[in-house]
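Quick one: the structure is below, and I'll ask about it shortly.
By written order: A, B and C. Residues from 1 in each chain.
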Amino acid sequence: MMVNRNNYDVNATPLFQVLTEDQIEAIYYAALSVLYETGVRVYDKEGVDVAHAGGAIVEETTERSSLVKVPHYMVDKARATVPSKVVVIGPDRQYKMELYKNQIYYGGGSDTPFTIDPYTGQRRRSTYNDVKNFARIGQALPNYDFHMSLGITQDTAVGTYDRWQYLAMLEGISKPINITAVDIEGVRDQLEMAYIRVGGKEEWKKGPIFSLYIEPVSPLSHSQEVIQKLLFCCDNDIPFVYTPCPLAGATAPTTLAGLLVQALAESLFGIVLSQLRKPGSQLIIGGLMSNMDMLSTIYCYGSPEMALLSAGYTDITKWLRVPEYETAGCSDAKIFDEQSAMEGAINIATAGLIGGNMIHDVGYLDSGLTSSMEQMVASNEVIDMIKRILRGIPVTPETMALDVMEQVGPGGHFMEHDHTYERFKTEIWRPQLIDRQNWENWNMAGAKRYGERVHERVIEILETETEPLLEDAMFKEMRRICELADARHKSEELDMKMFV
Amino acid sequence: MSQILEQIATGIIKGDLQGVPQLVQKALDEGLDAQQIVQNGLIVGMGEVGKRFKVGEMFIPEVLLSAKTMHSGQELLRPLLAESGAAHYGKILMGTVKGDLHDIGKNLVGMMCEGAGFDVIDLGFDLEPEVFIEGIKTHQPDIVGMSALLTTTMRAMGHTIKAMEEAGLRDKVKVMVGGAPVDADFADRIGADGYGHNAVSGADTAKKLLGTG
Amino acid sequence: MRTNYRINSGVRFEMLSRDQLEEMYNGVLHVLDHIGLDVHHDEARDILKNAGARVDGIRVRIPRHLMKKALSTAPRSFTIYSRDNNPKHDIHIGPGRAHFGPGPTPPNFIDIETLERRPFVKDDARIVATVCDALENIDFCESLGTISDVHPDLAASYEFATMFPCTSKPIVAWSYAWDDSADIHKIAVAEAGGQEAFEKRPNYVHYCEPLSPLVSTFEAVDKVIFAARHGVPVIFTTCALAGGTAPVTPAGIIIQTTAESFMGLMLAQTIRPGLPFFMGGVLSVMDMSAMILTYGAPELSLMMAGATELAHYCGIPLWQTGGCTDSKCLDEQASLEGSISVFFSALTGGDLCHDVGYTESGMTGSILQTVMMNDAIGFSRRITRGIEVNEDTLAVDVIHDVGPDGHYLYQQHTMRHFKTEFWYPKLCDRHNFEEWEAEGKKPMRDRVVERTREIVNTHKPAPVKPETEKVIKQVMAAAEDRVKNK
């Protein structure tokens, strides 16, 4: 009889690693040096005070900022209390993101000034309606786990766009959302809206329905707005994403390892400050880490360096045991085409393989300036393909099928064998928009490019009626918050239409 | 005679930060006209750099080093050029508007403008309209350049232009704007004179606004 | 100063653990020893029998210890040389190195001028070879078609005769039968300077394709014998459809195709121990609606990755598959399918990855697809290069010098690194919107077509020696003679 086996390693999924533990530590200790010897510049007195009270050295204070140097032990202390798992849920509790080591979730990106009009294919400024429609697309895609606006509402008041943007998203999607905010007043307003959506503050405590996106500036610079948002989130139990966007060659060292050192120093400062303010504050670190293309000066969203840096950073966050903000599904192409398909496919594969947690920017084109529904829909299928590969290769007597091979024998075939019949539905991935027809059938069906089929699917989703996610009364209550915000800030608006 | 001008041009292309000012001094010592050195040495060199950059033979860091080299050569000649009343190479005041801390784009444009011969004064980032006003009064630039990376801070460009109008300074300068979310349409709406869609075109726009491009 | 520092050179990817690979390896040995294969070649069966195999009619079974012996003589590392001593075009097969190239024999081709799908002709072989010679991320050449405007029996010979002068990168040749193999070999040997010189520096590889499941066809076996007798590095691999001609499970198809290759390996190593030998093949799923072998399926990448690791576990290089698609045109599907398989091939270090340029599930060869994949390969190679971590790249001093709110554009550190640290694409566009608009708002496929035409019109491969030109003429004349009366 076949007795059971031990001392047997199994890869239940493929394994991918960019940095060894030794390399991670080299980067980590270098980041500690940067925090302690170079320091970061903090443009907020309250933040400086919190750091100082926790043991930081404060120097070179000007009217607006101070240089803050963080000794190593403060980082160790902070690491002891920073959560290794952060949960963000959808408002109806149907969707949940449990962000911790190697759990992958894919979602959109935020605040693109431009969008590709789904009907005309033209690039134009994005509107409230666009944000709502992008949310609806996200709702319909099974491999899309969380949402970010994929457009800034430029037909609303500019200085309070964040409330309108959140409202538009809530109209379209009931998955977890990563929001942006103009300032802490904007966060407060959106929190009020969230309370309305879930039924009160206590409900929020059972599971926050948004996280806040906070972006310090590289190199090593933390503005007043950024620090104020961080402190507010800590005080109000709002999980937040603290992510710089260092650009190799411009705002970070040209060498990828050097960029990781700087980015880690910037993130660690967020960890230190948040844990000082309130031990156990939930944050997610990461960033859009990429290179400046040295011929065109753009911020690359579709470069291999972007994918590689994000993956390297994921190795570091896994070692630190802090949830991570990754990047994929994006491209520098200006439209959904072969370039965006290529760049998006490989960066989606890289992010999934490395185990990035909150993998954002699906649907981003044009170096993050333009959102595309086609890129979203295509990425959804690519993610599905990658997930098939991530299932790995099980090696068992059943899967090795030696007896099946013997039964079929040389020259036979496997099509009618039970082994095939019992498994083909789960083994063989089925495409949705990818076409596998032969030449004649494909021609008869219209000889369409993949992009055309993707486009048709976009239109189909947009034109399919869905149950409204917000009851009328709830919508009106939330809209009131937006209108009040507009009224408070009216004088700051320009007295003409800025965009649309 | 033209040999030293050739050497200067080559030094610009190579980004020879140490050597070019020395060559410029040598050219002056040999009796060459400052204006000539600029036109036939420095500008020829940067012109070649621009050509090579366009076809992808030179990269941004190399272009910037050439620009810095050109600028260092030009600094030596500036007092002489001013004396002789020769062509004015333009002064540009740059800053990132209020609420915005991003300045890498602005820095790039500034460096390119230096390479185009401009005198660049960088006021920094997160600038209130008043800071721009003070800057105009203090430095009397030909061009004011404003940068923003966030859609929300773009309106500060409008506010700043308005402040210039109210201070009676609007017609004393040309205004150009830039930044990722900015486009020509927006520049038009707020009454800017020019717009650059990236660092290189920013410098070209500046030249055009001055009438030398 | 640091010690005890273990780093990754490049990134690390692993589909299967060593224990799982050992399990599968034992499965392969079991198939060869217990089930065996049908070998449709009398002489081959005799050779195998004399070596110790158990032969029962046409069924051949290889005892485990014999198979292990054969594996021990097959080399893991060797070089396939450019025909003109250009070290840049040599292919160094060895651990961790992935190489890419097109594939053989689709009936159709995409005309690069009209963009129409039409039968493959002799001049297309010239075009494909020329483009392969020019593309920096393509390492070897295959024709992407079956020549239709010559005598059908001479398609393989004409293909090699046409391609050989148009690229100095190694060609992977195929043939119908012994005579064509001989034609091809004569040409290659002429350029190498004789048989002895060729054996020292082989400049092409011979591809042989037996049949799944577990059938070593006469033609495939005959060619292995030819290759072994003439010292030609050889590929002996099948195209297997999971659920059709192989088990539907990845573990099963990998084991079967490995066993299919190993029969050829046994034969080759018996005739000439030490002959460079590739196992592997095209492993993919049968699409259960379209009933075709899918070239764009995610399972292709999955199965090829497992096959690569098993091959390397056994100490053999692998004939990989990637850069291919089921799409019928040069579109986003062709791009994403090809890119995914290219990426995984790069990750596993599948030694020679072929079919870069296969479209329409292998029915149509497209050099446009190859040109497009050239960027995907470059992209993937930059990722697999990984992140270098040392004092210089950690750049702590530079970070300190620049400081908060500074920038790195003027730093010497930047100047030293920006060219080598970053990949610069050929056809992926990095302009901003206004510039892209000014250049005609082109999707990538337009740039691919333009670039392909440009290469064909301007690229000048290194020519063959004048003597070789003569030999080519002689060989083809003799070949025509041979088939005249057929």
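The rule we apply is simple: contacts are C-beta pairs under 8 Å (C-beta built on N, C-alpha and C of every residue); 3 or more make two chains touch, one makes a residue touch a chain.
Just so it is clear, the model here is predicted, and its values are computed rather than measured.
Peer 1: What chain is most central when centres are computed from CA atoms?
Peer 2: A
Peer 1: Select, from all pairs of chains, the pair with the highest number of C-beta pairs in contact.
Peer 2: A-C
Peer 1: Could you pull out the chain whose C-alpha mean position is farthest off from that of chain B?
Peer 2: Chain centre farthest from chain B's centre: C.
Peer 1: Report the inter-centroid distance (CA atoms only) between chain B and chain C in whole Å.
Peer 2: 52
Peer 1: Round to the nearest whole Å and give the separation of the Cα centres of chain A and chain C.
Peer 2: 36
Peer 1: Where does chain A touch two or more other chains at once, residue-wise?
Peer 2: Counting only residues that touch two or more other chains, chain A contributes 114, 217, 221, 249-251, 294-296, 298, 367, 369.
Peer 1: Among all residues of chain B, which ones touch two or more of the remaining chains?
Peer 2: 59-61, 104, 108, 198, in rising order.
Peer 1: Check each residue of chain C and list the ones that touch at least two other chains.
Peer 2: 405, 407, 409, 414, 418-419, 432-433, 435
Peer 1: For the complex, which residues does chain B have touching chain A?
Peer 2: 53, 56, 59-61, 99, 101-102, 104, 108, 126, 151-152, 154-155, 158-159, 180-181, 186, 189-190, 198-200
Peer 1: What does chain C use to touch chain B in their complex?
Peer 2: 405, 407, 409-410, 414-415, 418-419, 432-435
Peer 1: Residues of chain A touching chain B in their complex?
Peer 2: Within the complex, chain A contacts chain B at residues 43, 111, 113-114, 152, 154, 158-159, 161, 182, 217, 221, 223, 225, 247, 249-251, 292, 294-299, 367-369, 492-494, 496-499.
Peer 1: Chain C touches which residues of chain B in the complex?
Peer 2: Touch list, chain B to chain C: 59-62, 64-65, 68, 103-104, 107-108, 111, 197-198, 201.
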